[in-house]
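Two complexes follow with chain A in common, the first pairing it with chain B and the second with chain C.
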Partner chain A sequence: MSVSSEKNVQKSFTLPKSDFDQFFTLLAQMGTVYAAVKVSEQSFAFRAVTSAKQIAFDAIRTILPPKKFFYPPSETLITYDKDGIYENEPELEFKVIFGVHPCDLAGLGIMDKIFSSGHADSHYMRQREASFVIGHSCMPDKHCFCQSMGSDCAKSGYDIFLTDIDSDYFIEALTPAGDQFIALAQPILAGATDKDHERNHHFWETRSAAFTNGFNSSNLKVTMEGEWDNKLWDELGERCLSCGSCTPVCPTCYCFDLVDIASLNNDSGSRKREWDSCQFTGFAKVNGDFNFRPTPVDRLKFWYRHKLHGFDDAYADKTCVGCGRCTVSCPSGIDDIVAVVKALQVSSAAKTSEGADA
Partner chain B sequence: MSVAKVLPTISVEGLTGCAGELLVILENLDHLLPYVRIKSFPFAQSRNEDGPVDITFVEGSVSQNHDLEKLTKIRANSRWLVAVGNCATTGCLQKASCQQCSAKSMMQAVYGNDSTMSVLPAQPLEHYVKVDVSLPGCPINATQFLAVTASLLREQLPYITSKPVCLECKMKENPCVLIEKNAPCLGPITAAGCGALCPSVGAACYGCWGVCDEPQIEAMKIILTEKGYDVDEVYSRLKAFGAPEHLFERMNKKAN
Partner chain C sequence: MPENNSQSNCRPDSCVQNNSASRACTPYLPTRAILSKITEMAYDNFLFEFEQIDPIFRSCLPGQFVEIWIPGAGESPISVCSGSVGETLQLLIRKAGRVTKALFNLKPGDWVGLRGPYGHGFPVDLYKGKNVCMIAGGLGVAPLRSVWQYLIEHRRDYGRLTLIYGMKHSDEILFADELIALRHSQKLELFLAAEDVTVCHIANLEIEAGRVTDLLDLAELSTDMQVAICGPPVMYRFAVERLRRLGIADENIWLSLERHMKCGIGKCGHCYIGGKFACQEGPVFQLTELANMHEVIEYPREKIQI
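Here is the complex of A and B:
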């Protein structure tokens, strides 16, 4: 399947890669452009860029997912003084986020649903609205398993999407903002020909066949329920540092801590929200020093459950998008989701066959 | 005629330490001055008063008899006693050194045989007196110091989290030095507050803030051993910055 399989619905275009600098100039006219840049031997991060040359087009995954733009690591929600409480609404910088891969677009879709459901989170929503998202195709590495999680094809979350078809980009617009931009960029774009559609189709077919990592996810929820007491969790727990590295890097982890910061003059202050992690021992600790999840095993299982089974939040479904960030960010190597799922499935299958024999 | 506002009083005192926290406090005194009266701060001013005080910040470990006398007096006079820095909260390097060799031989080596100094085995403040708030750091973080002061001025005990340094690293989107450089980074078991200072410049965290809440020291041992590090080296680093002894008992028990 490809993002362009319904080519009649969307208008499609091509851009020669040699003209990308001009395309970038148009993007930069909308706002600050953020794209993946290389920050170390092995890592990339979304950073503000002023030229196309700075962009690491081959980046597979960034340290933090693009959620950081809309749900920043730390932000002031309200301020207060003797006269009242004020919503903190800082002036927004319009952000053009270039090069968001399908897994991250799926992650944004989940975050959008969670932050917009019920009493919508105005801080997230206004940041999200002040953005233009440019999706970008990618080829999987050995840690990518978005295919198993059904998030390998971008269906939403972007304004325009670029597929790398060798010497050109195949470009599709999804939103009115995307259409507007395409209209603006018209002079440097060409209408996609049947041949271009074929090339696009070919890319996505090749990509689908390129995955080397993954599992059959049809029975994931049942497996997670049935294998809740599997001894594998204890083995993983022994290695777990409870360092919380897995959650900030996850495109769909949204837990936070609220901190009130009193001013020294005792008559005003502010309330800040900061990323928290369910892996920290204090996360589920309540009054009387009681902890609902006292050990690393409890906490690790809880996180795995949210990712592979889901719980009663607005999304109510598994929230892993298969980006592989936790796998590469875990110092203990225990967040190899694919290996864990496969091991649980083997155990689950063994139980089923025992049941059939009996 | 205007009536002078009675400001809360603070004192800043040092026991045996490097005066690092005293410097941090001095550097940030401007923020405090409109709201408090400095009753005593021998490091910074020459005219100091005795007697009751609202908040006393104490740096350093109790390593000499006069430290203990001073601390006892401070406790009796202070409404809130805040231990600032790792020497005051854990004993830090001084305590760790005392555990490694005798105080007597150290004294002889440094001061010779004729010294009249009387030493005690270095201990954190809470070994002797009740401490209301412990603010770790080597040195302390200025923002945390001001936050603690603000809380106490409004009659609230401050909330100081001890989440690991890894959180601050991720919030700053630092590449992980433990993973990418195989550096012996103690970030996963060290309390945050420094803003992940060392990993932010590509160096391993050496645990100077003391351990985080419930450090997973057994797992840390497994991971560092797998990377080829000598666990004794990790012990000594952790001990230097005041990791409690019972952690190591737990770690050794697991290994046997």
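Here is the complex of A and C:
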């Protein structure tokens, strides 16, 4: 008894990589496993996988963040016919999402907050509850700046987390569901030893030192506030195509549109939610052809402010997690957040020193 | 799996409509209401009345809005336009976009969907014991009708009431019969202006040639007045500048701002104003609150010529 109660307290485990196939089998017993798969020379995407061999363990950022599993690009919320209006509750597939990096886990944590607060969004919540998320450690590339946004260490959004410590995985559980899975996987896991903890610690130390991209974010909100009228926004806005690439790839962009799809004679139909983008021309339009954000400058600034300053939404803080997706996907090269922040900081610092001189 | 499972805010009656009373239900589900009456007001503006409405709409407060859904066309946020809501809900709607056009194809007996009420309206409790001036521009008269009706229903709780209503053309006047009755009742002081005035076809309604801002001088407002404004985006800065010149403090000025609230529940992002959801924290804002917000084009930041 004493041994088992001790095991209950144990929160960290190791799994030899050679036993990962068995681990995968256990995951697959829960539901469909989705993991990063190499889909082209340079890109990865979350796809359904049936064997561990298909998984790209060293994947950099996927094209789309995992928000798509719980908040799909298009989903039916409501259906109607002559007799009534009905909530759409499709059969849910239990999803096991493997290999989510710390930035994306932070993104999921933010999405959870947005959709669970106030008038909770049952569509998101239902899909989120029918999921099991396995975080995975990663090494930064030249676009990663999660360290600057404080989202480089996973704090929320996952059930269990795997850190790659050479020949083994160091495994930690966060949620009751994570604990349950660990209990199930007990036969192939070993309790983490002091040495394992040291190896885990060493990995994260090495990773922290590996970042080549980033900025000092301690004054980010103040900078964003003070540099609202900076000319840089005009320069960036002039180059913006309003294509909206930056928003679907963002792990925390949650804006949507609601549209009706009617049958030919409109005696039945459905009401759908579709991802929208604040970068599209008509996003802030109202009746009478009045547009509250008519130019790309207005729209770009709006988006940057949500990411780097934050809005009064349920999260109420900066929503950028530093994944670098917008930087990579922007065809005009204006979503280089790190370069933008640094330029704003230089301008802000110049103002401060001018003030000190005067 | 998410860590925090918040309480659902869904209403039991809409769940019943979906035969799943036991579980969390979608906040996007409208309840059915029957279109009972259509009254032409002026040009493309009609007053629509709905019955068999969900009892939740009895809680409507002046300045709040509802989402009206025409199946197949979509939803549109429309301000409540009566001081209180009982058996029927009145909405003044101009034929303008896809949804409102579809509404004009309906006939009494047809059903629509309704959600709401949403948002923070005008602070009628704070107005108690005070003089109140309402300033309406064009269709902005509809939300303000909910205010004047409410104030008159509780007439003894309020001081001097003034209604200033400007429009482009005198033919576009809305709620004319009600305004005539109000003028006779002497329950509030009424000032009307139009940029174009033709011979007024409505007896006993003097319409000045001019703008809302001209009326503000005529109305002899006292500096202690609480002011409620609703109109097209361009009107606000001029009206606010003139009010300031008349000595009215920013903290006594309340604006209802127009944005396209698509979801009404602080999720879809369309109604953001300077990082605040107009559907949650607005649509009515105190002028002082707007001073510190970005992208409020309605707020006069520079001196403007009037």
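In this section, the second predicted complex is superposed on the first by the 348 of 358 C-alpha atoms of A that agree within 3 Å, B and C clash if a C-alpha of one lies under 4 Å from a C-alpha of the other, contacts with A are read in each partner's own complex, and residues count from 1 in each chain.
Here is the rule we go by: a contact is a pair of C-beta atoms (placed from the backbone, for glycine too) under 8 Å apart; a residue touches a chain by one contact, two chains touch by 3 or more.
Worth saying up front: this structure is predicted, and the values here are computed from it rather than measured.
Chemist: Considering only the touch criterion stated at the top, classify A:281 as touching first (chain B), second (chain C), both, or neither.
Modeler: After superposition on chain A, A:281 lies in contact with chain B alone.
Chemist: Of chain B and chain C, which one touches more of chain A's residues?
Modeler: For chain A, the partner with the higher number of touched residues is C.
Chemist: Of the two partner chains, chain B (first) and chain C (second), which one does A:262 touch, if any: first, second, both, or neither?
Modeler: In the superposition, A:262 touches chain B and chain C alike.
Chemist: Would you sort A:156 into first (chain B), second (chain C), both or neither based on which partner it touches?
Modeler: second
Chemist: Name the contact category of A:184: first (chain B only), second (chain C only), both, or neither.
Modeler: Touch partners of A:184: none, neither chain B nor chain C.
Chemist: Pick one for A:48: touches chain B only (first), chain C only (second), both, or neither.
Modeler: neither
Chemist: Scan A:74 for contacts with chain B and chain C and give back first, second, both or neither.
Modeler: The first partner, chain B, only.
Chemist: Now for A:314: first (chain B), second (chain C), both, or neither, which partner does it touch?
Modeler: In the superposition, A:314 contacts chain C only.
Chemist: Tell me which partner A:248 touches in the superposition: chain B (first), chain C (second), both or neither.
Modeler: first
Chemist: I'd like to check the shared interface: which positions of chain A are touched by both chain B and chain C across the two complexes?
Modeler: The overlap between the chain B and chain C interfaces on chain A comprises residues 257, 259, 262, 266, 276.
Chemist: So in the complex, the part of chain C that touches chain A is made up of which residues?
Modeler: 1-10, 17-18, 20, 24-32, 69, 71-75, 94, 96-97, 113, 232-233, 258-260, 262-263, 265-270, 272-273, 275-277, 280-281, 294-295, 297
Chemist: Using the touch definition up top, name the residues of chain B that touch chain A in the complex.
Modeler: It is residues 31-32, 34-35, 146-147, 149-151, 153-154, 156, 159, 161-164, 166-167, 170-176, 178-180, 187-189, 213-214, 216, 218-220, 222-223 of chain B that touch chain A.
Chemist: Provide the residue numbers of chain A that touch chain B in the complex, in ascending order.
Modeler: 39-43, 45, 63-64, 68, 73-74, 238-245, 248-249, 257, 259, 261-266, 274-277, 280-282, 296, 328-329, 331-332
Chemist: Can you name the residues of chain A that touch chain C in the complex?
Modeler: 77-78, 80, 84-89, 112-123, 125-126, 128-129, 131-133, 156, 159, 174-175, 177, 228, 254-260, 262, 266, 269, 271, 273, 276, 278, 283-288, 290, 292-293, 298, 302, 305-306, 309-314
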